[in-house]
Amino acid sequence: MYQTKEQEILPEYWYNVVPDLPEQLSPPKDSSRDSSSIELLKQILPEKLLEQEFSFRRNERIPDEIMDLYIQIGRPTPLVRARNLEKKLSYSGKIFFKYEGATVTGSHKINTALPQAYYAANEGVEEVVTETGAGQWGTATALAASLNSMRSKVFMVSTSYKQKPLRKQIMEIYGANVVSSPSNETDFGKKILKENKDHPGSLGIAISEAVEYALEKGYKYMLGSVMNSVITHQSIIGLETKKQLELQGEEADVMIGCVGGGSNFSGFAFPFISGKAEMIATTAEEVPKFTHGKFGYDFIDTAGILPQLKMFSLGADFVPPGIYAGGLRYHGAAPALSMLVHSGRIRAEDVGENEVISAMRLFSGTQGIIPAPESGHAIASAIRYARQDPASKKTIVVNISGHGLLDLSIFSRGKQ
Amino acid sequence: MYQTKEQEILPEYWYNVVPDLPEQLSPPKDSSRDSSSIELLKQILPEKLLEQEFSFRRNERIPDEIMDLYIQIGRPTPLVRARNLEKKLSYSGKIFFKYEGATVTGSHKINTALPQAYYAANEGVEEVVTETGAGQWGTATALAASLNSMRSKVFMVSTSYKQKPLRKQIMEIYGANVVSSPSNETDFGKKILKENKDHPGSLGIAISEAVEYALEKGYKYMLGSVMNSVITHQSIIGLETKKQLELQGEEADVMIGCVGGGSNFSGFAFPFISGKAEMIATTAEEVPKFTHGKFGYDFIDTAGILPQLKMFSLGADFVPPGIYAGGLRYHGAAPALSMLVHSGRIRAEDVGENEVISAMRLFSGTQGIIPAPESGHAIASAIRYARQDPASKKTIVVNISGHGLLDLSIFSRGKQ
Amino acid sequence: MKPRLLIYFTLGFPDDQFLVKLIRDMPDGLVDGLELGLPSADPRYDGPKIRLTHIAAKSRELERFDPVLRVCGERGIRVNILSYYSDFENNERNILSFLSRHSVHEIIVPDLLIDYADIADPFLKKLQSAGISYIPFFNAATPDRVIEKYMRSTNSWIYYGLQPSTGINMPLDIQSVVERATSLLRGRDIIFGFGIRNGQDAARIIEAGGHGIAIATALIDDINRHDADSVVHKIEEYRRAIDFVV
Amino acid sequence: MKPRLLIYFTLGFPDDQFLVKLIRDMPDGLVDGLELGLPSADPRYDGPKIRLTHIAAKSRELERFDPVLRVCGERGIRVNILSYYSDFENNERNILSFLSRHSVHEIIVPDLLIDYADIADPFLKKLQSAGISYIPFFNAATPDRVIEKYMRSTNSWIYYGLQPSTGINMPLDIQSVVERATSLLRGRDIIFGFGIRNGQDAARIIEAGGHGIAIATALIDDINRHDADSVVHKIEEYRRAIDFVV
């Protein structure tokens, strides 16, 4: 990263998969009969973002200012041949990992936080608002706001707020105002607290609060996944990976990533969609949206303020078990990704906590990196794949969406 | 980092400054009259390391196996132009930072841990032993041992052991056996515990215990700083930096780093020593070895098992205040660095806690990186330098020895 | 070629008499064609304003709309019919006979390629054998391979939606959308619709290479008020805007 | 040229009679020279064995050593004197007259360039005006610019230490150390000392281009036991080892 040769690896354009999908994406759907929740997006999202969201240009030029910021935050991120892991697994093929944990905020989330904040700042907005579950999105938002000289407000799911003081602290270092959700700062939050003052919160609730707050105050809302423009921004992961493989004379046979809202997986895999690589989208066994969810229209947020999207979903009111990988708890998955899983182009796989933790241990002990528990799911799938046929010569490329230095407690769960 | 172009940046040789010093380095000195504590090194250090320590070849070839490991752990590390910080400071020159926090263990310590562990493993050693204060060295040792299929044992200064459970956890993930020092596993530790069962420990004590333990069991000891061979290994920082600046057509006017034992600063700055760049070695106001220490022979460890070195020292029995930057609490500084400070080639500067914390906040808010508190000292010096003459066109290059994600508590200290 | 101007009305809204009168009194040559929507129970890709017209239209008995179609015929105005496939499915025979009764040979089915892609091929065959031309409805979200496929199975002009749904106004770079559409659909006439807000937008579409525009939501309020003069006045404005370009 | 063999003794150890006898009875041509150390209060760069000889030698009255120097003169054995600067400093006049009394023209001062670099220049001037040649003592830690400087201020042969202090045996790549020294000190004779353990080491030094070796610690135990035969026997072994190379 940050090398002189960064220009060789950084793409000039983001890639939007929509023109290359097998079928047409269903548009977002209004939730009510006589008002447009789609038009409501105009109030809470930066104009430029919406323009990107709905024009579906295959190649979306990355503005110079954002390119500079990308370099500042650590792009291009490394693509590493996991030689030690290969050896440990006696795998005859190659395993590469793309390491998004190398960004300064520690995950891929900054890839979209930067353009979103930049567009908002360009429109003269003074404050951006968002929600966070695991904390990664809130962290990215906070830094992106700070880099664009705006304030930021983060509604943090109550359980995380309690369990992850370090996350809160980082956001505050970046200047964010962090509140526990459900909160008393929105009507929706108040309503929920009234019913249960110890409500543990959920991502759906936090999104609803953030949207309400942004609407109320005339601020802009930042969305961390699911939307197509977010996935377009994240394509920088896959575009870099493509170039990095190319420069090494390599080709991906299998691409693996984890899925929360679908942004890191899609950003990583979509630039390869027209090729032949096998693709595996890994979800948490506890949030099996692809294997047990329904493919159809469902709400983005619990309160139903935002439009519905056609996607795999476990239901907008799905209350996930308190799993360690907060970023994978979201009920749905981005429409384009959902379509490609539905069509069979991408294979879905669930992995459980024990398998994930031992995969993470194996990875840390051989490659040194402490992966985010979310990314641990992708690693588990990769290890599963390599073990199924150690004699295979296939090149596996796995996306490690973030580091887990602030989520170390998970390892204690996996102790025998 | 890890790019195809890594070969362009990674040096083939480490650089040993000794042949280029203005005067001859004083050799280590035996502590007792009729036994050789220098020869004792042969029992606890790998032969190859000692050979490097005392042959002082200007260029020391990096073995291929270590080069591969260097790439695996994230070398070359990025050299980043801190454009956002420059803007914030209205500084007319350029500020670059070399970011050692980008290694998988989060600091420069892995640069020497890898060769030390590799040499030990080549001699058939099954376990390596060391001490750790801040935790960074223990972390690097633990991973280096794991990557070379050895066990590791870490004596962790008692206060850190209590205050930094995350550090302990990471070392354990890498397979280390971590004990609080003073411990009951060595005679020296027992003796100290007998006098004060709540002794907070110190780096000098922990070194003594680790050395005693290694001697007792016939294991090898890993030394994290101070020794010349360690500084030679760390030269990879400066050699990369040199190449990275060159590739960008830049030249360093000022080089700044923080000093604990002196390894990160020396590794960073020494490859530039024959040039004209101004050099600033920053120490903690609370451990002002250069400004208030004595330049002369003193012990490496508190128990006096190891030889004496001619260096700036506050005394081997110096008990530092419980400052936040554990890595800067060591009483001495590497002989070659001490000589160059003594000769005036390198300027020493002390900075205090408040200045460091506000420098870290400024840096995090503009560049996104949470630096290690140790590195925060270098950043404070750099900011001080830039503020003294904002119209200057000088290129400041500062070494950020590690990230501070596991030391976030320090920010609470700086809260108004 | 002269830029074309298409106007959309939902049949049955605000009532049949008003539509008949409006069309009968329309100045000669003002519009190049009418797009008449069959009221739908689930107009999923329409914005709130047009959604309202579907609700207001209530009845879906097609005979009721004969007078409107007849006046179009009398005045020689070219007509195409818009029907959601979800409605067509259950009413196939009636719709086909309605079309043939009024010699309408063109149909737009906005949800076909999105929600019914898997049965689109037999459906198109059926239209073909009924002598009806399928007007592809594409928008910025239509994948290249879908466009290529349906370009091959029809030689109609194209209806191109600028927005994800009618009537809403998302920020839009008209120039780039139109240029992309015309380059993908080279050789076909493309009429752009969905969310054209004013004469300026309209002109920009033609300038960028579009062959025509379709106006709908912009007229709904006036129609709802039964204000025929105002409707005609607005249509004239669009006419002037696009004619001026050439 | 024949490789040279230098032997080091600390004056006064184990006692003057033994040294006199040892030197007197030494076979002709066995050694090319002797390096005689003045007992030091702080032999800081010596290992434990030689440190012991300094302690044992106790007295620092130079007259006591006249008989040893005399027998060297009688046998025509070339001699140089080793003195720590820390001792020289306080005893300058006596040492200089001791040297002149025995026509010794060469001196080695191991700590000069390390701990007294700043006063080295006037000291060298003083030696020069006393007609004494300064033998630079370098080792692997001596910086290039120090070597260059003292190469310019003397044309003596060079004493090169292989180890950080005498007598200790650190792991060492003899070949690379000797090659580096000979290439840096091109044109000068270099005698290597400090930690030569056996004939094999000695031979390797000569093979790598060294001009001679100096032996000290290897003999101390035998000297301490007053075992002259054994000392001579060991010296002969080194002689054979280095002569065999050529």
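We call the chains A, B, C and D, going by the order they appear; numbering starts again at 1 in every chain.
One rule holds in what follows: a contact is a pair of C-beta atoms (placed from the backbone, for glycine too) under 8 Å apart; a residue touches a chain by one contact, two chains touch by 3 or more.
The shown structure was predicted, so the numbers you read here are calculated from the model rather than taken from an experiment.
Taking the CA centroid of subunit C as reference, the farthest chain centroid is that of D.
Between the Cα centres of subunit C and subunit D there is a gap of 106 Å. Here the CA centre of subunit B is 38 Å from the CA centre of subunit D. One simple way to say how far apart two chains are is to compare their mean CA positions; for subunit A and subunit D this gives 72 Å.
The set of subunit B residues that touch two or more partner chains is empty. Contact topology of the protein chains: linear, an open path with no closing contact.
Interchain contacts (touch definition given at top) occur between A-B, A-C, B-D.
Touching subunit C in their complex are the following residues of subunit A: 18-30, 33-36, 38-39, 41-42, 47-48, 50-51, 53-57.
The touching residues of subunit B, when paired with subunit A in their complex, are 1-5, 8-9, 68, 71-74, 76, 78-80, 82-84, 99, 102, 104-106, 110, 143, 146-147, 166, 169-170, 173-175, 244, 247-248, 361, 364-370, 405-406, 408, 411-412. Per the touch definition, subunit C reaches subunit A in the complex via residues 44-45, 47-48, 51-52, 55, 113-115, 117, 140-146, 163-165, 167-173, 176-177, 180.
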